[in-house]
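Have a look at these structures, which come just after this line.
Common to both upcoming complexes is subunit A, partnered first by subunit B, then by subunit C.
Moving on, here comes the complex of A and B:
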């Protein structure tokens, strides 16, 4: 347990040693801020968090592979995985530590993004339950993308390759709904249930659907599990 | 301390290591000697729990590597061939991190990091970023990392590769100083490297143990090179008579004759050789113990293996 925390802490610190943390945070908040300004001040002038949440999910979709690409790829390439494997750690512990590290960075990003709801509260009267629901949706969505990226990182030895795989994976699950409309019958319906965007809809309407919450948690769990299996399989 | 029995590893259909068996006592410094690709790293990776053997097993520090890998890992220090360093980290932070994942308690951590820094003699660079250190210092950081948990067994894969001669001597001294209380297993493809640090040498060839031998046999205490002024025939005749000389080979180098003598016994024959040279009226210009080259050692042992079959 302690070692999971040690790995997570090192990972979080690592983000700020390299320029990646600053790039992600800058890009994210410059775009969201600009859009927020246009959306609220210039265009509609209504107090709703949903439009900006929608934008945040879209931007984070593009940035998440950058956040996760180095998690396991870098360890493999630098040979430090050999250190982790020969230390008294389990593979599950290593992978969970990595996940937690990236999740902590995402948590930081989320904390900064609280400026948007705070300003809405200060200058307008937003619908608080809808706001909270959409924020929960964003958190669950972020956790799922990080799990997907972590799995991609377990597949590749270079950061670029793992970023590309990660982005492809996220994109496939994002546009799954579009695929599903092209396929008729039960296969189509089944594909639709795997769509990330579809499961986000209810949150943005202020509805907390148990099925949708379960979907994101299950997806995260599945990709973390796959990453663990992948490393175990590689090892024997 | 280390007890390896019939360790075998296949990568798919490719045989990397087959039926390797050897033992190491507490406090011994053992060398795995073999050409590149002989399976040294594979053996070490199995012992350290990096991957599992296809068959066979081993006991390290009293624990089975398959049944109780965690217990083994707690008692082990390992320096892989590719240094497992996070280049963007500061030396002391890195060691602190390794101490954490090795399960060293918060209370002990500071003292252990300080001790490892001292043993590897890297206190003066502890605040520097690893990536900016010289190769020699990086190697020392790697060794410090392996020493952090006060391991009973230390496994070092090619510890002196890529270092300059001065650094090699320093690392060699360091390794020697680590023996005694710890069991050290190191690998190298360079013969003098192993013969200078290890008492016991295990020669690995094509994934098998070709021979288990000792320092003396490899250093060639039993082999003497003599350089004389005079005709080779006369010299051979004179020196063949010396007691316990088993084999004489000769060659000519300008006006000198060069003879290589092999003794059959353990006794140092140099005194007798000197006397024989003087008695025969020849002039001795050089005499030394001739070390074997890696090729010779291999030929010697692999030939024996072939004969045995």
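Moving on, here comes the complex of A and C:
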């Protein structure tokens, strides 16, 4: 457990000593701030977090591969993964530590994004439970995207390739609902159940559905597990 | 830690197995005990059969994989590459099965919490009742453009409705992908939902019900009703028609009524005594009420009893909405005869005005009190009392959810207590003032009203009563087999509570009125609370607040991030 925590801390530190953390955070908050402020807070004056949350999920979808591309690819490229293998750390520990590190960074991003709900609470009477539901949706969504990115980072040795794979993976699961509409009947319905956007929808409506929570947790679990398998496979 | 992950995998696998097992049991029960077999023999409903087959195959496959890779994990010897590959595939397989199974299981046992204030995304009690008690199969086919938000809303509502009855089925068709079907149904615009009941004619281009399009439409059992986009998304606010809100639930349930009800009920509004008018769109008109009655699938007509000489024979419910001029004796007699014959009526009467129906109501022991009711429990002013509910099928759903009702400018109703033997009349109070309410004989402008003993009537007073009496059929006039009828009517000591002004202001008023109408017309499954609307909340914005938001959200936060980046960069460079 301690080893996971120390890897997580190292990862979080890595983010902030390189420019990547600042670039991601700045891009994220400039776009969210501008659009959120102009479109929703000043123009329509919604006392609702949902439209801003929609904006945040869309932008995070584009930024998450950049956040995760480094995690395992860099270690592979620099050959430091071999060092880690020979250390007393288990592969599971390494992967979980890296996942936790990226998750902590996402947590920081989420904390800063609380500026929106705070303003809504100050200047209006938003539906607080709906707001909390959409926040929970955003957190689960972020966790899943990071797991996907982690897995794609375990596949490639160059960061840019893993970013592209990660983005493709996220995009496929995001537009799965669109694919499903092209296939009619039961298969189409089943494809729709794998869609990220579909499962996020009800959170943003203020409806908590056990199936949606299960979906995001199961997806995160699957991709973390696949990343571990991939590294174990590569080890031999 | 690896062990923990394997443990989770094993639990997931076991859960998937158990889940599949329950699914088999459930489907097998469906198969043997219920109508699935007949459905299959008739060559329809094969979808469920397909699921049964898939579930069995998946289950057997899962059991094998579980046994060989999880239970006997240590004994298998395969090449390492293959083993890792297989394990990865198995993980993906279990997760996908798990997601699919969770979705299926949650269809049967929903684990959902609607956190919105008005429960916008939950079906209203009324809709659930109607869907649960469907006696015929109803099929909804939605023709949408799938990328639009309208399509999502329509799909969401239909899915929700489908949860409550197996008799309700739906299909979503993307008109860009399947234009042939769209054309076959002869629908002009996107986002239309076609509701069908009964045997589908071989030619599906039958066209909507009541529209004379094709001969196949006259197939006796087949009914069709189209719900168009403008019925699903409409403005609720007569003063602000731009404010479009989704009203799909109401529109869909109305379509279901029109397909499943044997006949459309006819509601007559009396005219000729300066009553509130259904054609009048201002604050004192009844256009809103008329709109809702139409949504509940009632057909609305007006009647001048003085010229007709009687209440029309096809009248299912007579509504007397606040006459300012009294009914003539002959008219009152006609109303009495109608009621004695098992008629249904809704009287809404103004205080301190003779309505001409006093004698008629006395026949059922109803006495209209003088004076205007004032109450401390009221909507800002004592003249706008908020009554409490007495237990009755009409009021209990409102009482359960504590939906308030405002009865502006009303009069009390009391019991004459005369003996009515051998008639059996049941009379129930529906709405009561509080202990501190009273009927004031006079109200002076500018003076604070106070109760005066002797002049005023002390509360609590009933403000609405429901009366019902079983009338035996006259053996001389009708055959002996004729059923006995039930006279039912509701008297409310206020008429403005259903006017546009109060109907839009207080949701309980509408629910009370419609529930009472449904109670009299024996539409008990409709008695409930009507669907809610999503009210968009707004920020209270001032120029200063806008500036503060701009400064923090657009300027300060991004600047702080960039600033800390530069700070860290400089600090590291200087090291």
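Everything that follows uses one rule, which is that the second predicted complex is superposed on the first by the 233 of 236 C-alpha atoms of A that agree within 3 Å, B and C clash if a C-alpha of one lies under 4 Å from a C-alpha of the other, contacts with A are read in each partner's own complex, and residues count from 1 in each chain.
Basically, a residue touches a chain if its C-beta (ideal position, glycine included) is under 8 Å from a C-beta of that chain, and two chains touch if they have at least 3 such contacts.
Predicted, not measured: the structure shown is a model, and the values here were computed from it.
Asks: Go through the superposed model and pick first if A:96 touches only subunit B, second if only subunit C, both, or neither.
Replies: After superposition on chain A, A:96 lies in contact with subunit C alone.
Asks: Kindly classify A:17 by the partners it touches after superposition: subunit B alone (first), subunit C alone (second), both, or neither?
Replies: In the superposition, A:17 touches subunit B and subunit C alike.
Asks: Quick check for you: in the superposed arrangement, does A:194 touch first (subunit B), second (subunit C), both or neither?
Replies: Only subunit C is touched by A:194; subunit B is not.
Asks: Of the two partner chains, subunit B (first) and subunit C (second), which one does A:228 touch, if any: first, second, both, or neither?
Replies: second
Asks: First (subunit B), second (subunit C), both or neither: which does A:47 touch?
Replies: In the superposition, A:47 touches subunit C alone.
Asks: Of the two partners subunit B and subunit C, indicate the one touching more residues belonging to subunit A.
Replies: With both complexes superposed on chain A, more residues of subunit A are touched by C.
Asks: With both complexes overlaid on chain A, does A:7 touch subunit B (first), subunit C (second), both or neither?
Replies: first
Asks: One more residue to check, A:84. First (subunit B), second (subunit C), both or neither?
Replies: In the superposed model, A:84 contacts subunit B only, not subunit C.
Asks: Does any part of subunit A touch subunit B in one structure and subunit C in the other, and if so which residues?
Replies: 17, 236
Asks: Help me check something: in the complex, which residues belonging to subunit C touch subunit A?
Replies: 1-2, 4-5, 8-9, 12, 47, 50-51, 54, 80-81, 84-85, 87-88, 91-92, 95-96, 98-100, 102-103, 106, 110-117, 120-121, 146-147, 152, 174, 177-178, 536-541, 545-546, 549-550, 552-554, 557-558, 561-562, 564-565, 568-569, 572
Asks: Mind listing the subunit A positions that touch subunit C in their complex?
Replies: Subunit A reaches subunit C through residues 4, 16-17, 19, 21-23, 25-26, 29-30, 33-34, 36-37, 41-42, 45-48, 90-93, 96, 112, 115-116, 119-120, 123-127, 129-130, 132-133, 178, 181-182, 184-186, 190, 193-194, 201-202, 205-211, 214-215, 218-219, 221-222, 224-226, 228-230, 232-233, 236.
Asks: For subunit B, which residues are in contact with subunit A within the complex?
Replies: Of all residues in subunit B, those touching subunit A are 45, 48-52, 70, 73-74, 76, 78, 80, 82-89, 97-98, 100-103, 145.
Asks: Residue numbers of subunit A touching subunit B in their complex, please.
Replies: Residue positions touching the partner: 2-3, 6-7, 10, 14, 17-18, 78-89, 235-236.
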